[in-house]
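Think of it as A, B, C and D in the order they're written, each chain with its own count starting at 1.
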Amino acid sequence: MHTIRHREKLLSRVRRLRGQVEGIERALESDTGCETVLHLIAGARGAMAGLMAEVVEDHVLTHLVDADKHPDALDREAAEQLLEVVRAYLK
Amino acid sequence: MHTIRHREKLLSRVRRLRGQVEGIERALESDTGCETVLHLIAGARGAMAGLMAEVVEDHVLTHLVDADKHPDALDREAAEQLLEVVRAYLK
Amino acid sequence: MHTIRHREKLLSRVRRLRGQVEGIERALESDTGCETVLHLIAGARGAMAGLMAEVVEDHVLTHLVDADKHPDALDREAAEQLLEVVRAYLK
Amino acid sequence: MHTIRHREKLLSRVRRLRGQVEGIERALESDTGCETVLHLIAGARGAMAGLMAEVVEDHVLTHLVDADKHPDALDREAAEQLLEVVRAYLK
């Protein structure tokens, strides 16, 4: 099993995301207009994509290669190219 | 301002989504493995996309044309074609 | 059947897209590096998304309501909100 | 520079994609209906996503770790988890 590094940073992100989802819930409960609800969902979706991108980045940089057993085996430049694609698609 | 129809249905969706985000939070707090966290986020993202698709559908079918003032003005077939595209992109 | 307006503009877009796809083909034929191919594909994907967004915009503004039969029936503000969402998702 | 393996397979994909883009072009030239054009674009977009997924897969499996210098350094299970996420997002 691969545990996750930077958990505090990810927890901040996921708590902010929870706040945004609660905001959508409150907006729906209080009969807020459709346009506001669409904006709130778009914002929460962006936050979710950012969270996903960060977990994937962590996964690529720390789990694809066990750095203790194989130091320097991960090609950092190739990893960075991959993460660029991931970020572009998760926007 | 356009209020939202089917609010109860949307509220069920957003509450389920909140539960999924809380699940991600608990997973991060309890040091769950990266693979599980990735799956939880992918699930929550799907739920968010479904919520967005439903709000957009509601918006297209009820807000683009004021049916009281202009009954029958919305071309249902053209609207359905649009919603197919929206659903395909929000998957 | 709904014919498409602004066909010349869309044709320019699709021809540019074809040029980009041919560029990917040439890059693969000439054994270009992976990083360049990834960039070329990302560019072509952006062009495809822009084309899709433009056809959807045309569809929303001209096909959802038959303006000859129902002038003023389309709520322009609601349509614009929808197109904002579509553009955000097609980026 | 990382050259690409499986080039013939990728070339088949990109040529099929080019054929689909040419189909969109012909549809626009012949004043085909909007609904058909939307479907053609959606199909081409799927083909483009499949091409991107394949190049990314190749990149992950062959470029992140130089297998000649570091055999067995790439954690195949972690790589497969990453590719699952990539495929889900590129659908």
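Assume contacts are C-beta pairs under 8 Å (C-beta built on N, C-alpha and C of every residue); 3 or more make two chains touch, one makes a residue touch a chain.
Bear in mind the structure is a predicted one, so any value in this text is a computation, not a measurement.
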Connectivity without chain B (remaining chains kept where they are): one piece
Same vs different contact residues, chain B with chain C, by half of numbers used: same
Magnitude of the superposing rotation for chain A and chain C (Cα, nearest 5°): 180
Rounded Å distance between chain B and chain D, as computed from the means of their C-alpha atoms: 27
Separation of mean Cα positions, chain C and chain B [Å, integer]: 23
Distance from chain B to chain A - Cα centre to Cα centre, in angstrom: 19
Contacts with 2+ other chains: residues of chain A: 2, 34-35, 38, 42, 52, 56, 59, 63, 81, 85
In the complex with chain A, residue positions of chain D that touch it: 2, 52, 56, 59-60, 63-66, 69-70, 72-75, 78-79, 81-82, 85-86, 89-90
Complex contact set, residues of chain C against chain D: 1-4, 7, 10-11, 14-15, 17-18, 21-22, 24-25, 28-29, 31-35, 37-38, 41-42, 44-45, 48-49, 51-52, 55-56, 58-59, 63
For the chain D and chain B complex, residues of the former touching the latter: 34-35, 38, 42, 81, 84-85, 88, 91
